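One chain, chain A, links the two complexes that follow: it is found with chain B in the first and with chain C in the second.
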Partner chain A sequence: MARRLTKTVPALILLLFVGGIFTLISGAIPFEEVRQGAIERIFGQSTLWNPLLDERLPRLLVLICTGASLAVSGAVLQALFHNPLASPSILGMSCGGSLMVTVAFFLQWQTKYPYSIPLAAILGCLITLLVVYSLSKRNGTVQISTLILTGIAVSTLLLAIQGAITYALRDHWQLIQTLTEWEAGSTSDRSWKHVHMQMPITIVGLFGCWTYSREINILALGEEEAKNLGVEVEKVRWRLFLCVALLTGGALAAVGLIAFFGLVLPHVIRKLFGPDSKNLIQLNMLVGSTTLVLLDLFLRVFEIHSFSIGNISTILGGVFFLALLINMSKETGEAQYA
Partner chain B sequence: MKSKITLYLTPLAFIFGWWYLAFFGGSSTKPSSSLLDRQPKKVFSVPEFFSYLSPFSRDEIKAALGGDIEIMTKLMKEWDVDAQILESQGLIGIRKLNRSSFIRCQMIGRKLKEHSYSELKQLENQIRASVVIDDQGVPFQPQSTSQKFLPQTFVSASFLFALASPKEIAAIPNGMRAQTDLYPKSLTDQVPLDTDRGNSELLYQAQPGAAFVADYSHPATLEMLRNQGVPLFTLKEMKTVDQVEDALVRIGSVVNHPLEAEVLSQFIESAMIAIDNRLIALLHDIDKNNEKPSVMFLNHYAQYSVPTDRTIAGDLLNRLSQLQFTLIPKPELNANKWSLPIDQEQIIYSNPDCLIIATHDPEHIMNNIEGNPAFDWINARLNHQIHTVDYSTQAPTQYIVLAYYDIAQSLMRN
Partner chain C sequence: MLEAENVCFTLDGKPLIKEINLSFRPGVLYGILGPNGSGKSTLLKNLSGIWTPTDGTVKWNGKPLLTRSRKEISSTISLVPQNPQVHFDFSVEEMVRMGRYPFGSKHCEKETEEALRTVDAWHLRGRSILRLSHGERKRVYIARAMITESPVLLLDEPEASLDIRHQLEIWILLRKLVEKNKTIIVTNHDLGATQRFCDEIAVLNHGVCVDHGKYKNVMTDQCLLNVFGVIESSNSRSMAFDPPTNLNLTQHSPRQKLLEKH
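This part shows the complex of A and B:
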């Protein structure tokens, strides 16, 4: 496993580097034209808007932050819930963020307050987490099974409310179109505004998860074992949930809905490199960022307009997950016959 | 306790501190405007002889498209004279409505104004088709008796409001009442029902003579209408102005208003020609210098996109292209997508001299563009030629004329 890690990590770093460079040099305006302007800006000889510095670089940073956020969120939740199918949506956070954004669009806050959409996404995730957590408390403690059930119940309720709002708005086709575009996820026209909105949240969220790597490792063994080993289960879990809410909200705010990303990648990484979360957090950051950067590059280079990055990641994630399940059932079947 | 507070406050302070510095902490890192260093580029200039042309009021055109035959015939006459004036200026390519159609519309207009029943019936009988074929090839026999009709789609309801009296409309699609700009409340209030699926019993009571549906209508609704014995007239999605005119004439025959439909259809044709003529005149001076400003037309929801010829907006762009306007990107023929997303960098690289954005939120778009230094790169900003137009007129109804009018007016604005 360690050998695989030493081979794969440099390859992933190289892939991310290459993907990043291609993201920076490819665009509608030829690189030669933007390079000079960028150099002048960097050396203070110009203050003009530059596509490399003001469009491609922010997009790359948003992609890196979002990929890392979603993959790490999924990895942390899968470890905490001892469930390979756990993802940020299991606690209703994605649904909460999405609902708040729908409300913000419905009330047309985005026209009056430019930052209302990202803030709505982050607040939606945090509020949902607080609600789910407080509803799951029984006699001052939170059982994982209760938490999952409450999360599913709250998600269902939030989805129903969102469905009701969308149904009520079905004749406002302009608004429905805007919502559809937002929900599909997009990396077009990302600016420093998006970077500034997401970056501090991502740093705090990732740092929090990394700090608790050891505890995540122990919690993956089971709560009783973790308690016996001196882990303050409730406290650690709550803090990690907060970190996940920040990561999910930030990603939702910056790019929109990208389903399955937080589900498939951590699962694959665990399969390939084992469950040690000390490496799991860093690996998920790296794999998540690299995958999202390459996916975006793929869509741009091949000019695939029919799919958004949210669509394509969901499709790829779904197919990959199905293949994994089929493979698993085959292995189980073979093991039974053996 | 103290350490707990520090633990939660430190990240919060970090996040809010970052946000404060980024969003409220001065603009030293923000790229600045480059407008001062650059000279205005090519722009359209309205020729002096435009002052001889008729007023070309949007409100009048809108009223005519709403079914006012008197205004229709008046405008058609004015535009006919305008065309002659433009021809006298030596402009090539100026068109007029077909003579026989023009005269016939004027005749019908006069008779409709006089309410001369017998003569109207005679004219109606001349043009009423005994069988009208819908878009699924189903023949439909129009009745000459007065009936109520059920427009199940926005498009057919829009046609019906222009052709028939609201009393002849059994119900209108949900949401149409909210579009007060095109369909005034005083008009929609006269129709008691919405085409809500929960209203099926009330719709049955209204006994509509026909329901106008589309290939995208809800199958359960279609089944319900069939079960109620309501004949269905299907209209597929329209992608060109010609298709709109054709559908209008067929609907007019079905709802027993063939004369109104004929005049409105010819009015649409006449209005499009009148707009074309003014656009040709706009290019007149530029042709001499051989420098045509480039035009970019975009739709905007959450992001920018260019409509293709699979939409009626694409048909308008093709029309502009045929008039020799330099459109960027060039209209794609037989596109397999409804629109092509375009990002900020592509807009900047295309560098249009005039940028027209169709949106339902013009204020928001203009504020965004004003505050976005990226747009300083394009000539349109320098030329003060970034305009917004109303998106709601882009539906394939008679109001598509207003969409074309708005585009033309944007080009004519100095």
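This part shows the complex of A and C:
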């Protein structure tokens, strides 16, 4: 396992580096022209808008933060609920954050307080996670089936409320357009404002998860086992819930809804590299960032404008989720007849 | 010394154990007997601090156990659960290493190897815990409890799913640990093994401790009839368990050395 990791981690860093370079150099304006403008800006010879510094670089940073955030939050949730199907979207966190962001847009908070969007998203994610967790708990334990069904029920309810709000706002076409673009998980027009909103939150969230990687491993054995081995279960779980809400809320505020990303990648990585959280967190950071950067590059290079990165991710993730469910039900059936 | 003072535990309005008053001294191997659902596992979970008694107190050296931090409790009392659910495929080595969490030490290769060799599970170290049989899994959990080096070991039916050889080895290991002044409390259903290896017993029925003390004083025909609904025939005791006195473990000499060491 260690040998596989020593090869995989540098390979992923290299792939992310190459993807990042292509993200920076690809675009409608020739790179030579962009580079010249960037050098002039850096040395104070110009104050003109530059695609490399003002569009592509912040976009790349937002993509890296978002990919890492969603993949790591999925991995942590799967361990906390000891359930390979847990993810921010399945547990309704994305819908909760999305509803709160819609309310913030509706009340025009972002015009007065630019940080109100990530704060609303984080709050929405955290409240939804706590509600789903509390509703799923029976006799002190969280059942897998109850958790998923509660997540789906809460998501449906939140989506209905959000739908009602957007329907009531149908005459405000500018606001509806902003909301539609944001909900689709668009990466266009990302600026330093988005980087400033997301990056500090992501760093705090990732650092928190990394710090608690030993506890995450033990919590994956179940609550009683974690207590038996000396983990302050309630305290650690609260802190990890907060870290996951920071990561998911930050990604949601910066890019919008990217469903299933936090389900598919952690699941695949766990299958390939085992369940040790220390490895999982670093691998999910790298694989999540690289996948999102390459996906965005693919859409831009092939000029696919009909789909956003959120649409593509949802389609691929949805197919994977179905395959996973079918495989799990087959395994259960085989076990029954064995 | 570990003490249970009037310990009661109720779940969903149903009392599982009622007013348990027991003291567990160091250097003594205790057996907890009782029919299924009599509250044996509930008592162990309360004694280990995993469950909080709804009434009464568990004390360690005169002080309430639950006033200590979780790490302090885990470095004092270690529980080997009866049938733990595992959801992810951690390796055996990873599972055992988790036992060192209360001590904060990440590098414990030597201790892990020693614990795994003692329970004859070193050869399983790289295997996924999900791919082990119940008996093999049990041995891994015992190794994890041993690596904590806690003075109190609670084992919930440790011999369940183990073959005869490994049952005997576990009992011999527990006796050696008792000689090192550890307090060991074992729940089980094997009267013969309890009689042979345990110093004292406590009998639970419907969540109440009906009696405790030496096996011969407690496990009378009247007690068997009241608690289990049977009377032990004069020869069934010897049929139930009569291990050879000169048990030969020379096939695995490194393990024997470790067993002797413990």
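Convention: the second predicted complex is superposed on the first by the 249 of 338 C-alpha atoms of A that agree within 3 Å, B and C clash if a C-alpha of one lies under 4 Å from a C-alpha of the other, contacts with A are read in each partner's own complex, and residues count from 1 in each chain.
Keep this in mind: a residue touches a chain if its C-beta (ideal position, glycine included) is under 8 Å from a C-beta of that chain, and two chains touch if they have at least 3 such contacts.
The shown structure was predicted, so the numbers you read here are calculated from the model rather than taken from an experiment.
Undergrad: More residues of chain A are touched by which partner: chain B or chain C?
TA: It is B that touches the greater number of chain A residues.
Undergrad: Which partner does A:H172 reach: the first (chain B), the second (chain C), both, or neither?
TA: The first partner, chain B, only.
Undergrad: Using the touch definition from the top, say if A:L48 reaches chain B (first), chain C (second), both or neither.
TA: first
Undergrad: Between chain B (first) and chain C (second), which, if any, makes contact with A:M199: first, second, both or neither?
TA: So A:M199 only meets chain B here.
Undergrad: Touch test for A:Q110: chain B only (first), chain C only (second), both, or neither?
TA: In the superposition, A:Q110 contacts chain B only.
Undergrad: Touch test for A:E32: chain B only (first), chain C only (second), both, or neither?
TA: In the superposed model, A:E32 contacts neither chain B nor chain C.
Undergrad: Considering only the defined contacts, which chain B positions touch chain A in the complex?
TA: Answer in residue numbers: 11, 14-15, 18-19, 22-23, 29, 31-32, 34, 173-176, 178, 301-304, 337, 340-341, 343-346, 348-350, 360-361, 363-364, 373-374, 376-377, 391-392.
Undergrad: Along chain A, where are the residues that touch chain C in the complex?
TA: 79, 82-84, 139, 214, 217-218, 220-222, 224-225, 227-233, 270, 274-276
Undergrad: Would you mind writing out the residues of chain A in touch with chain B in their complex?
TA: 27-29, 41, 47-51, 53-56, 108, 110-111, 115, 170-174, 177-178, 181-182, 186, 188-189, 192-193, 196-197, 199-201, 203-204, 207-208, 305-306
Undergrad: Show which residues of chain C lie in contact with chain A when the two form their complex.
TA: 11-12, 45, 48-50, 69-71, 73-75, 78-79, 81, 84-91, 94, 98-99, 101-102, 106
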